[in-house]
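Next, two complexes with subunit A in common: one pairs it with subunit B, the other with subunit C.
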Partner chain A sequence: MSVIAPDFKLSGFIKSLITDIVWALLIMSLIGIPAIMMILFFVPMPVIDGELLTPFLAFTYIADPSRTLPLVQAFMETDMFKIMAFPGFGFAALLAAGTIFVERKMLAKLQLRVGPFYCGKFEGILQLMGDGLKLISKEIIIPAKADKPIFWAAPVLFVASAAAFVALIPVAPGWVVADVDMGLLAVFAVIGFFPIVTILSAWSANSKFPFIGGIRALFQMVSFEIPLILSLLGVVMVTGTLNLSEIAASQSSFPWILFLPVGAIVFFITMLAELERIPFDLPEAESEIVAGWLTELSGMMYGLVQLGTYLKLYAFAALFTVLFLGGWNGPMIVPPLPMEIATHGLEMGPITVKIGGLESLFTQLITQEMLNGTLMFVLKTVGVIFFILLPRGVFPRIRVDMLLNLGWHKLIGLAFVNIFIALGLVYAGVLGPGGLQ
Partner chain B sequence: MQTKLVGEIAGNYSTVVLMFGFAIVAMAPALLISRMISPRKKSNPVKFLPMECGQVPSGEGRTHFMMQYYPYILMFVIFDVVAIFLYAWGSALLELPKSATLPMLGFLAIMFGAMSFALYQSGRRRIW
Partner chain C sequence: MADAAFLALTVITIGSAIAALEMRSLIYGSIALMGTLGGIAGFFFLLDAPFVALFQLAVYVGSIAVLILFTVMLVKRELIFKKIEDRRRKFAGIGLMLIIMVSLGAVFLDSGIKTITTDEPPVDFRDIGTNFVTYYWPALILMGLILAGSVTGALVLARREDVENDQRAS
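Entry: the complex of A and B
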């Protein structure tokens, strides 16, 4: 019988515990709190209940429940919250994770398999977490003579490019990380990063299969960028703006897919090609060139590229929703928020609990419109994601020359047809000033 | 329409850069943690050879080879810029007089003609 710790003494254990706690408190009070104060000193603080928040008050408000909500609200209004959580990284990563699970399950059903089943009690719901743990604990093997700094940086840059793309997507009225006037052009600029990151990763691996895959990815993404750009020109012509929030807001009566279906179809096909999805998954063609430009990526590097790929998928689906399906517009199905709780307090028998700050939270930040807009946006985006995933179970892969032929001859021609449809709609007075609203 | 300073307009894009930076800051630790907790064994030099389906790799990894699609890249360089020029016209279409569309149609015709000529040339692969 083995003993885990033969010299174990309870008194010694308690003593070591107390020592650790004392040291932790000492370091926290001598270094930690001054450091937090110094950082907070340079952060612009909000005005709460008519007084400017100082670093000291920020600490006391956390202990005061009636002033916690205004603090939370002030935090939710900062750019940092938008970047980290709601319209930004956290929200997109959550939807991307959901997409991975749904894709595996749906593909399995299409091919009469079961899919992830054992991990987690219900239908393999924890499969993704298991895969993540597996990937993070696997060894990262870097091929000999690889260009190490670039090879390490490429997966991170891929995720970062996808995140920059996500930053431009408006989710609900006012809920967008970067509300820029040239939003659509910024999207094109960010899309231009992906081939560069791909070819960097492929070149630095010093291996043949990644290099062939990287060159294929470069040609594919670059060829389909022109139909992509031209197919969205129709929407810009009928709205007269490049701001994505304004484009989404302009579709309050009808989505543009009703008037510009050709552009929507061309954009959808080019979207599949930019995402390297079947039938355009030539850069990762597993039956021809092992795994294409992902061949030498192992462990968490591969995991990061997967995360970036699905973030990009979400961003493209969201862009389709914003441009053609009306973004956050839709029927109001979210019930009105319980304002009487905010104004009069929550009544539980003889006790009435007043929650301070809830009223301004409900009227300024989390309104009925915002919740409904987010719900509509997510529903439409999930629908578009479903149609992006569906071809994987239906179509075979096409040849490279067919791909280039499709992109350069057919899709560009159709994109021009779309431009002339938009021009005709504007000049016939159907859309634009004086037309349908 | 109120005028905006150039720095103001450029400053709007800072959140995109922040998001880019946040993703790097948030994702680089994943690689670091992976490097810390995963095994690292240099048992065999064959393990670090480039993947070539089980064979010992031969030749250079970064070879120069003929992709045969080079004309498409050249065309991309031209037509990507040209397509962006169309946006300047498209985004202002509602405010422009209708006569402004005529030169634009001429521009489109030239672009289309040039593109069809380039596509015709790219079909003749022997010249590349």
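Entry: the complex of A and C
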């Protein structure tokens, strides 16, 4: 029986550990803490309970459970939290991950297959995590004659564009990363970046299949952008604003899909084309051109593009929800929050536990309206995502001339019909000032 | 803050404009052109005109630069362009640019604009719409007719009758 480390001595091991710890402490105290202090000098710290938060106070708060909540609340009110976690990237990525799993499983059920089954104990729910680990650990292969800077940058730019799109979506009243006054125009501007990234990625791979796929993607996206923009003008006419939060708030009585069904249908079809989903998946037609513009991407570069694609899918579904289905509006189904626990404390027999900071958390940040709005928004968005996924199990792929014919002849005409319906509703006094809304 | 943003935008815009002219690769040239157009959109943001800025992004960066990129990709450069370069042309170009910039600067200095306030509220797009349908209505109708005519023309041109009609999806 061989020994793994024949020269092993316990005393030597402990000595090396102690040396490492001493060095770490020395470097930390000489360089680390002054650096942190210097950084904190420039970072504006929040005021909690009338006290300016300092690093030492923050450590005190973390160590004392009854004082942790104000710290959490102050963190949740920062822009960083909004960008990283709740209405921004983390929330969208969570929904996107759920979408990928549901898509694979539902498609399998539609085609009488099993789908992901072995990874994870129950119905393969850990399949996505396994795929992610596989993609991270795979080698990234760059084609020899590729244009390297653009090839490296394209997946990152794709995710960045998708994240910029996600940032414009209002999830609940006041919960939006970028509350732009020109929100819908910003959406149009962001959508315009996807074909650029696609065609640059396709061109830089210097390979036939990606280039054909990229040109198809460019054709498809550019020609469907026009009916997309036109189909949303009806909503802008009846609401009189471009701010997405105001558009969502204007549908408190009824969603606009009741009055503008033509626009909703046109927007849904153009949405499928912009997302390159079946029946419009010509850019990635795997039976003709391998994987279209994704052919040469490998490893985590492919993973990034997939992440961007599903973020984009979530953002488009959320945009449909905000514009046509009423966003966060809906019946109040969330029960009222337990305010007596916040004000009087939790009574457990003879003991009463009072949790500091819970009251301001319940009244300012996590209110009943916010929870209900988020729930309604998520329910509607998941419904729209379901209808985006459904055609994949039903329809075949269409030809490119049919695609362009549909985009340029039929959808643009229908979008104009929708605009005239909206104009008629406003001028007849049904909607707008003096009307229902 | 606004000054730093202005300087950064200036560097981006002029730098990428020079790069767009001087790059050997046409693709990189068109990407640099996108940078220039995006920088101009940034100037509109600084001037409190987000409406114009977003349209600049959506139309110029999103559509026109894409068209240029697309054309460049489908073209074999060597077959079309001949390199005509000599020192005289270069210096003549630089001199022409200097003359234009000096005269433009003279116009600006002469116009009496000394300061620009940057904290004005942005112009409401509803005001733009109201102005269009009241004072500027002839221009609006003219633009509408021209655009409608060009859209109709594009649709007619796109509808090719010589393609066999039985193959076309109806």
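We take it that the second predicted complex is superposed on the first by the 431 of 437 C-alpha atoms of A that agree within 3 Å, B and C clash if a C-alpha of one lies under 4 Å from a C-alpha of the other, contacts with A are read in each partner's own complex, and residues count from 1 in each chain.
Just so it is clear, a residue touches a chain if its C-beta (ideal position, glycine included) is under 8 Å from a C-beta of that chain, and two chains touch if they have at least 3 such contacts.
Computed from a predicted structure; not experimentally measured.
Student: In the superposition on subunit A, see if there is space for subunit B and subunit C together, and answer fit or clash.
Tutor: Here the two partners, once superposed via subunit A, clash with each other.
Student: Subunit A residues in contact: does subunit B have more, or subunit C?
Tutor: B
Student: Considering only touches as defined above, state whether A:203 meets subunit B (first), subunit C (second), both or neither.
Tutor: A:203 sits against subunit B and subunit C alike.
Student: Looking at A:128 after the superposition, I want to know if it touches subunit B, subunit C, both of them or none. Which is it: first, second, both, neither?
Tutor: Touch partners of A:128: none, neither subunit B nor subunit C.
Student: After superposition on the shared chain, which partner residues are touched by A:181: those of subunit B (first), subunit C (second), both, or neither?
Tutor: A:181 contacts both subunit B and subunit C.
Student: Touching A:382, do we find subunit B (first), subunit C (second), both, or neither?
Tutor: In the superposition, A:382 contacts neither subunit B nor subunit C.
Student: Is A:240 touching the first partner subunit B, the second partner subunit C, both, or neither of them?
Tutor: both
Student: For A:409, select first, second, both or neither according to whether it touches subunit B, subunit C, the two together, or no partner.
Tutor: Touch partners of A:409: subunit B and subunit C.
Student: Determine, under the contact definition given at the top, whether A:222 touches first (subunit B), second (subunit C), both, or neither.
Tutor: Both: A:222 reaches subunit B and subunit C.
Student: What is the contact status of A:88 with respect to subunit B (first) and subunit C (second): first, second, both, or neither?
Tutor: first
Student: Which of the two partners, first being subunit B and second being subunit C, lies in contact with A:296: first, second, both, or neither?
Tutor: The first partner, subunit B, only.
Student: Touching subunit B in one complex and subunit C in the other: list those residues of subunit A.
Tutor: Touching subunit B and subunit C on subunit A: residues 180-181, 185-186, 188, 203, 211, 215, 218, 222, 225, 240, 242, 408-409.
Student: What residues on subunit B touch subunit A, complex-wise?
Tutor: By the definition above, subunit B touches subunit A via 9, 12-13, 15-24, 26-28, 30-31, 33-35, 37-41, 45, 47-53, 57, 61-63, 67, 69, 72-73, 75-76, 79-80, 83-84, 86-87, 90-95, 98, 101, 108, 112, 115, 119, 122.
Student: How about subunit C: which of its residues touch subunit A in the complex?
Tutor: By the definition above, subunit C touches subunit A via 27, 31, 34, 50-51, 54-55, 57-58, 61-63, 65-66, 69-70, 73, 122, 125-126, 155, 158-159, 168-169.
Student: Quick check: in the complex, which residue numbers of subunit A touch subunit C?
Tutor: 147, 150, 180-182, 185-186, 188-189, 191-193, 195-196, 199-200, 203, 211, 215, 218, 222, 225, 240, 242, 398-399, 401-402, 405, 408-409
Student: Once bound in the complex, which stretches of subunit A touch subunit B?
Tutor: Per the stated touch rule, the residues are 79, 82-84, 88-89, 135-145, 152, 155-157, 159-164, 166-168, 177-181, 184-186, 188, 190, 203, 205-209, 211, 215, 218-219, 222-223, 225-226, 229-230, 233, 236-237, 240-242, 290, 295-296, 299-301, 303-304, 307, 400, 404, 408-409, 412, 416, 419, 423, 426-427, 432-433.
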